[in-house]
Every structure is written in structure tokens, then in C-alpha cells.
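In what follows, structures are represented as C-alpha cells.
In what follows, chain A forms one complex with chain B and a second complex with chain C.
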Partner chain A sequence: MVINPSYEQRKRLLLVGILLTVIALVLVDAARGGSAEWSRVIARLPLLLTGSAQGWPITGGFLLNVVMGIASMAIATAVGTLLGLSLLARRRLVRQPAFVVMNFLRNAPWLVVLFAMLYLLPYRLTLLGVTFEFSPLAKAIIGLSLPTAANFAEVIRGAVQSVHAGQWESARSLGYSTAQIYRRVILPQAFRRMIPGWMNLYALLMIATSLATVTGVQEVVTLLRTTLSMESETTLVYFYLAVLAMFFAYCYPIALLARRLENKTKGDSL
Partner chain B sequence: MFGLDFTWLLDPTYQGWLVEGVWITLQLAAVSSLAALVIGLFGALGLTLRLWWLDALIELFVEVFRNTPPLLQMLFFYFTLTQLGFTIEDPVTGLQQPLFNAFFSASVSLSLFGGALCVEAFRSGLDAVPKATLEAARSLGYGRWALFRRVQAPIATRICLPGLTNVLTNLFKTTSQASVITVPELMYAAGQVYNDTFRTLEAMLLVLVIYVALVSLLSWALLRLERLFAYPGYGQGV
Partner chain C sequence: MTSRSEALIELDGVRKSFGDTEVLKGISLNVGKGEAVCVIGPSGSGKSTILRTINGLLPVDEGFIRVGEHRVHELRSDREMRPLRRQVAMVFQQYNLFPHRTVLENVAMAPVQVLGHDPEEVRERAVRLLAKVHLDGKESRYPGELSGGQQQRVAIARALAMQPEVILFDEVTAALDPETVKGVLETIRELVVEGMTCVLVTHEMRFAREVSHRVCFTDHGRIVESAPPAELFDAPQDPRTREFLAQVL
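On to the complex of A and B.
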């Protein structure tokens, strides 16, 4: 039997090989009692993942990044949908302010928006008799969701505009109202095309949650930096590699899935 | 309005800090954008060679840098490069200075991050050149190099310009994260200002506006470039 792997198979084989080699090296090291550096990292791993040294209760760490990411994405999806639909509005009075807001937020660095929100939002806000308290975590979530919302608005606009203009015309000639055209014709198709962009945005947001360290939230980078101040300098590299690996392990599958979906939806252009 | 107080802006000391910050930001953005474009170009050209092992290595590089936080990359390079302990003698003071300072580490880190994004942008440009165009050129007797130089590269450059605009503006925005490793750029200057004046909100709003203005200018310039070089029918609204 002659095994003749294709180009793609060989490529994937090498990548999987590299991944397995790295895992094997770490495992062999651990089995041998572990080099001093890696055993330090493993000892601190529960702290970095959950924010408490025993791994329970969850007070921060990488899981907090995940929570922040999901909360920001929920807000960003809601705000981004409103903003995206305003971008598509026929009234200039609605469209142009939305356009200015979107461009402003898209052109602002995430870190600077986060900082600005940190100081812009009050500690406590009473609105219509309801008192909102803005903890640093809430401020971080809001600060991260704003640029994401602007990017999502752009995703929505792109997806809606990618639906062929002929569909608008034929739906209108069948007597559909604008709201009906959106609901029954355009959005069902645009929705499919939004999903890859939405997922990519989530991966991007997850990566950006590391910036929340500037708000003093106990997320993984904050913990990493406080942990490192207690560790010897030779172990620094190992700690950084461990946290980088956490983000990679979380974000890469999402990005990969998004690309698969994108390639799948690319075909149906009408 | 809103109790904002910008009177500190009249102080030449603070003006100087902010101008210095903008200057360092521009330097950092320029150095890392150029390096990122070079890395991206070599990466994308490497992919056209169709060597499976090179392809796998480039993909590994791209995915690792795209799927980890640039902030952590920067911290990683800052600590590892300064740990290497290379020093250089300062010609003025005669003191030993670290060879790889914060600015250098930030440039390396941002170049690699931007480079990974650029590889993707260039690759998608090269992929989007219509196969029929290439076949037509081949049937006209173009050799491999001539085909690349006269047909593939000119079309691909134009197709990838919008993607490249995204990458370069993204990279510019990411330079603000260099403040975390004490590169004295705009964000860092803002920190200096508010530590001195306690006008945190005003300093941040000002910096936000400066960044938005700079990034808008950059994306506007790149859009002009895109329009200037556009071939009718290629890379427009696709």
C-alpha cells in the first residue's frame, strides 16, 4: 500500500505533529517530576484560570475573561444591531449620526476607549429612580462592548448590502412593505452571512479582554503580573507562554470555525 | 460643560509631553507598519511557492500571532528581550544601557503581530486574482516570473488594499498598548499629564480624539491610494 498524502494533508500532518511534540515535551517533563519552571507554572495554573489558588470559587482569572467576553458580546450584539440598522435607514437624520458614531468607535483604539469609559462612567448613576452601580468590571464590560458594537454594525451593514438588489425590487413589486422585505426576504439571508463575522468579532473581543487589566479587574493578565512579582525571573517566560497558550486554545477554534462557515456561505451570492 | 476643565492644555509643559507622545506613536507605527509589510510580503510570497512544510510553518506563525492578545505578546517580548541582557554603552554618558529597550521590544512585537495580519491580507489578494486572467496570460506566453510581475502582483495589490487598510489602522491602534511596557508614546504621555494635573477624564478624552483623528487620517489616505490605483472592474465592491 502506497500512502501518498495530498498537499493539504501533509501540511495538516506537520501542524498536528508540531502540536503533539509540544504537548509530549511538556508531558515528559511533567512525568519526570517536572523541571522547576514548569512545576511553578502548574502550581499557579488554578490561580490563573479561576482567580483562586484552589481553583474554587471562581473569582477571576481566565474564566473572568470568558465571562467578560460573553457579557460584552451580548451588549455589543444588541447595540450593534440598532446601530447597524440605523446605518441602513433611509432617513439622513438617522443614518448620518449613526455613521459618525460607528466611525468614531471603529477608529478609536480599544485601550483608549476602555480608559475613557473608566473615567467617564460615574461610580453610581440614578436613572428614573433606579440606581446603577458601576464596578470596574461593569465599566470594563461596557468599555469593551462599544468598539465591538461599532464593528458589528459594520458586519450587519455589509451582510444586508451583500443581498442582491434584485431581491429588493422583486419583493417590492410583489407588494411587500419595507418592514416585510427586511423580515421575510433580506434578514433571513443576511443573517447567514453575519454569523462568520460575528464569530470573528467574538474571537477579537476575547483577545481584547486582556486589556481590562488596566481597570484593575482580576483577569488573567492582572493575575499574571501580580504572580510574576512573586516568581523568580527565569520562570517569567514559562508563565507568559502558558497564558498565551490559554488564549490561543480558546480563540483559534472559534476563528477556524468562522472561516469554515465563511467559505460555506461564500457560494450563495444571490 | 459637564464640568470638564481643559485649562491645563495651555501649559507648554503638557503640550510638549503630548506632542512628544504623538511623535513617538508615529515613529512606532511607521517602524512596525513597514516591518509588518515586509514580513507580510515575504510570508505571502512564501505561500505561493507551494511547499507544504513552508506553508505549514507560515500558517503556524500567522495563527499564533492572530489568536493571542497583542498586549501579552508585547509583555512577552519586553521581558524576554530585556532578560537576554545585551547592553550597549551610551556614547554620551558612558553608562551601560540595555540594547533592547521598551521601544525596540514594542516594535518587534507589533511588527510580528502586524506581519501575521499582513500575510493574510496579501494572501487573500493573491488568491482573489481570477484564474481565467492567469490562464489567459499564460496562454499568451508569459513565463512564471513575468506572469507574477506583470499580471498577478498588480491585480493582487489592488485587490488587497482594503484589507491592508484594515490591518494598518488596526496596527496603529494597537501601538497604544505599548504604553503598558512604558514606551513613552501618546497613551503614556496622557498618563503623565493626568498624574500631574489629576484631570484623568479630560486627558483621556483628548487622547481619544487625537487617536481617532490620526487613524481617520490614515484610513482616508489609504482610501485615496486605493481609488488612485484602482483598475476598473477589480477590487471594487467585491
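On to the complex of A and C.
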């Protein structure tokens, strides 16, 4: 028996309490006839996860959300790095446009950006003899990556600026050039501090992939709505709960790991 | 006193403002080769600023600064400052070691990456210098694993590894626990005895008295008085010096 629980202990108790309550509620509900509904959900689970009723081939579903998340994150990381380094540039001509772009994208609702991409990007674009086709999937990936890139740029800027000013002074007094200081001293230290922010962003992005349903791609929410049109209204809540659990099971461990890394890097500032 | 022409470091009428506050109001100072000069004075009197103008970390508004053959006030970019910085090393109050590199790497990286010296030769030099500051055996530790005094001695070894002609010490014992101060001061004393040119900003009056050839007292951005330590501490001429010494001694 803990007489005087610490903050950490109380937090853990609360989490365990919530988890037990949810399990209890589900069990009670299953005993009162919910199990029949759950079996319908389980029957549709392969479809929701992979987009085909047999579970193979993978044509959509939650796995498509995962693919979209990874693709968007890859683009966002590349674009965000460029944008973030531009934010740190000494030249105004580079820094200020980057600042405007970053703030615009960071403060735009993700859903609005997605709709904008849907209507702004052409179906087909020929550039220098190369033809790009913008499928709804490509549009969704690009649309999701833009706000993520802007947020990642801020993560980079914050991490670089959090490196103690004394590091600049001592590196300069050792004769390093600005480029060398970034490469040898600042970025290696900033990199460690970026990782938690980057992972958090990925978790957020993964959740936001459900918005891609507006582009009509066969991701999990789109499939859910088509499926539900064939199901009774009482089953609806069970299906939504199942999808909620999928996202939670995928994203929560990432957020947890990110927080753990964050606490680990907190100590090495000086 | 060193005459102007043979001085290694020469400052003349140096002025520097931060915004509306004038921190240096015409500093003139000569430091000869092999000389150890201590700069003392109340906080905010511009001591650390003087050091940072000598190696160009802070650009000056007015005045003349020469180190060896480098006319520091005329250098504009870090690139132009490079030859100067290989001659002038600096040790900081907060050590400012690179926390992501081991002790040995901290000492050896700049000579290889900046001066382009042979890595094998620099490694040997770094090991030798770490032994000199009594840190043999700590080569593969990270700075965070060392005490403040040990980190400061690593910083001194890092400065020495650049084979400088001058070392600037900026209140290097101010952030240390009392019991580790002694080792750092001992290391500096050895350097002075070996003939390294040193400019030290310090609050350690006893150390200043023992180790330096000359002490400068600064107040409100000016060097009020400059004399050999025995003279300055025992028979200060200026009332401000007397007042300051009465407070700290």
C-alpha cells in the first residue's frame, strides 16, 4: 500500500484504472449481447486492415494509412530539413520567405490543406518532358506532408537554437568556420534533440491520415463508411471503437518512446 | 612594462558598445611575449569583453588591436580570423567542451579539422597534453562524466593542442567548486612558468598576485590602473582601486 504516492505513481495508477475500466465495460457489454456485434467487427477486420476481405492482397485499409504516413513523413522530413535550415540562414532573402511559408503551413488546418491539394494539383503534369500523374493517393500524401514539413522545420530550428551559445563561442575561438560549426558541433547535438519531436510529429501525422478519406482513397475510414452502410445502426459504435483502438495501438507506443527519449536528452544541455 | 613595438598583443583606444551601453571606453593595453597579465575589476566593468575583442569574437566599434602580425580590428569574417585564432586560444568560464565528443576527441578534433594536422600526430599530442593536465586515463570519457575542474583542465588541454602563442582565460574558476579550483590554477601556473603568454580575467586575487607579471584594474570600461602585482595590491594609486580591493580582500 502506497501511503504517499509520487506524481509518477499516481499517474500510473490512473492509467491502469482507465485501462481496467475500459476492459470491464467491454466485458460487461459483451455479456449483455455485445459479443454478437464484436464478432461482426472481427469478421470485417481483415477488410478494415488490408482493404480486401481475405486479408490479401493489400489494397487499402489501415495498412494504407501506415503507408501514407510513412511516405508523407519521408517527404516532410526532406522538405522540413530544407525549410528548417532556411529558417536558420543568415541571409534575410532566404530566411524570411521560409518564415512566411512555415507559418502559413503550420497554421493551416490539415483538412483544408488536403482539400486545397485535391483541387489545386492537376491530375497530370508534364515538366521537362516527364509526366507526373497525381492520383488521389499522391495528392493525399503531398497534402499531409506539407503541414508536417512546416512543423518539422520548427522542430529543427528549436533544436538548433537550444544548443548552448557557448558552443558557438568555443568552436569559433578554435577557428572553425560557420559551416564546420554546424556540421561538427551544433547539428550532432541538435539531432538528438530533434528525434523526440520528429517521432511525436509522426504519431500526429499517422492520426491525421484518417483525414485522407476526403480524397476518396481506400484508407480505413473510407472503408469503414462503406462497410457501415451494409451494417445495422447498433453495430456502428463497435466498428468505430475498433478503428479507434487500431490508431491508439499504433500511435501510443510511438508517443511513449518519444517522451522517454525526450527525458533522456534533457540532461545534456551544457 | 613592454614597449609598444615588441608587444605581442597591443590594444589602443578600443571602444565597444552593446546598444546604448558603452562597455569599453577606450582600452589601451600591451602584453609582451611570455607575459602573464591579470585583469581584475568589478563585474560589468568590461573584463570579459576585452578578452573577446582580442580574438575577434566581438567586433569593436573603434580602436586598434594587434596580435602578432594580425590587425584584428580590420578582420571582418570568421574566415579572415582563422590565422588569428590558431595563434590565440581561449578558455571559458563554462568550459564549453563539446558534450557529444569524448575527452580525447575534444582535444584532438580542432587541430585535425581546422589546422589539418596529421591525425596520428595530433592524437599523440592530445594524450600528452591530457597527461600534462593530470587527466591521463580519462581519454575515452565524455565531458558530462567529469567534474567541473576536470572539464576545465580538458578545456585547457584543448586550447594547448592548437599550439597557440597566447591563451585567454575568462574567469575559468568562477563556475567551479572550491575544491577543484586549485588543480586548475596549478595548471595555469605551470603554463605561465613555461613562458606561455596569458591574459587572465579572474576573481582569484591571491592567484593574480602570485602568478601574474602585471595586474590591470578595470572599472566602467576603462583600465584605471596597471602595475606589477606587488605594487597594485600593496600600494594602489587610484581611489577606485583602493575601494575595490578593500571590498574583495
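Going forward, the second predicted complex is superposed on the first by the 236 of 270 C-alpha atoms of A that agree within 3 Å, B and C clash if a C-alpha of one lies under 4 Å from a C-alpha of the other, contacts with A are read in each partner's own complex, and residues count from 1 in each chain.
Rule of thumb we're sticking to: a residue touches a chain if its C-beta (ideal position, glycine included) is under 8 Å from a C-beta of that chain, and two chains touch if they have at least 3 such contacts.
Just so it is clear, the structure is predicted and the values come from calculations on it, not from any experiment.
Once chain A of one complex is fitted onto chain A of the other, the partner contacts of A:Tyr176 are limited to chain C, with no touch recorded for chain B.
Residue contacts after overlaying the shared chain place A:Gly55 against neither chain B nor chain C. Within the superposed three-chain model, A:Asn107 lies in touch with chain B and out of touch with chain C [touch as defined at top]. Using the contact criterion defined above for the overlaid structures, shared-chain residue A:Val185 touches chain C, although it does not reach chain B. In the superposition on chain A, A:Gln167 makes contact with chain C only, while chain B stays out of contact range.
Of the two partner chains placed by the overlay, neither chain B nor chain C lies in contact with A:Pro122.
Shared contact residues on chain A (touching chain B in one structure, chain C in the other): none found. Across the interface of their complex, chain C is touched by residues 164, 166-167, 169-178, 180, 184-185, 188-189, 192, 267-268, 270 of chain A. Listing the residues of chain C that touch chain A in their complex gives 55, 57, 78-79, 81-82, 85-86, 88-90, 92, 94, 96-100, 109-110, 113-115, 144, 155, 158, 162.
Contact residues on chain A toward chain B in their complex (touch as defined above): 7, 10-12, 14-15, 18, 103-104, 107-113, 115-116, 118-120, 203, 207-208, 210-211, 213-214, 221, 225, 233, 236-237, 240-241, 243-244, 247-248, 251-252, 255. Within the complex formed with chain A, the residues of chain B that make contact are 50, 52-53, 55-57, 59-60, 63-64, 66-73, 75-76, 79-80, 83, 169, 173-174, 176-177, 179-180, 187, 200-201, 204-205, 207-208, 211-212, 215-216, 219.
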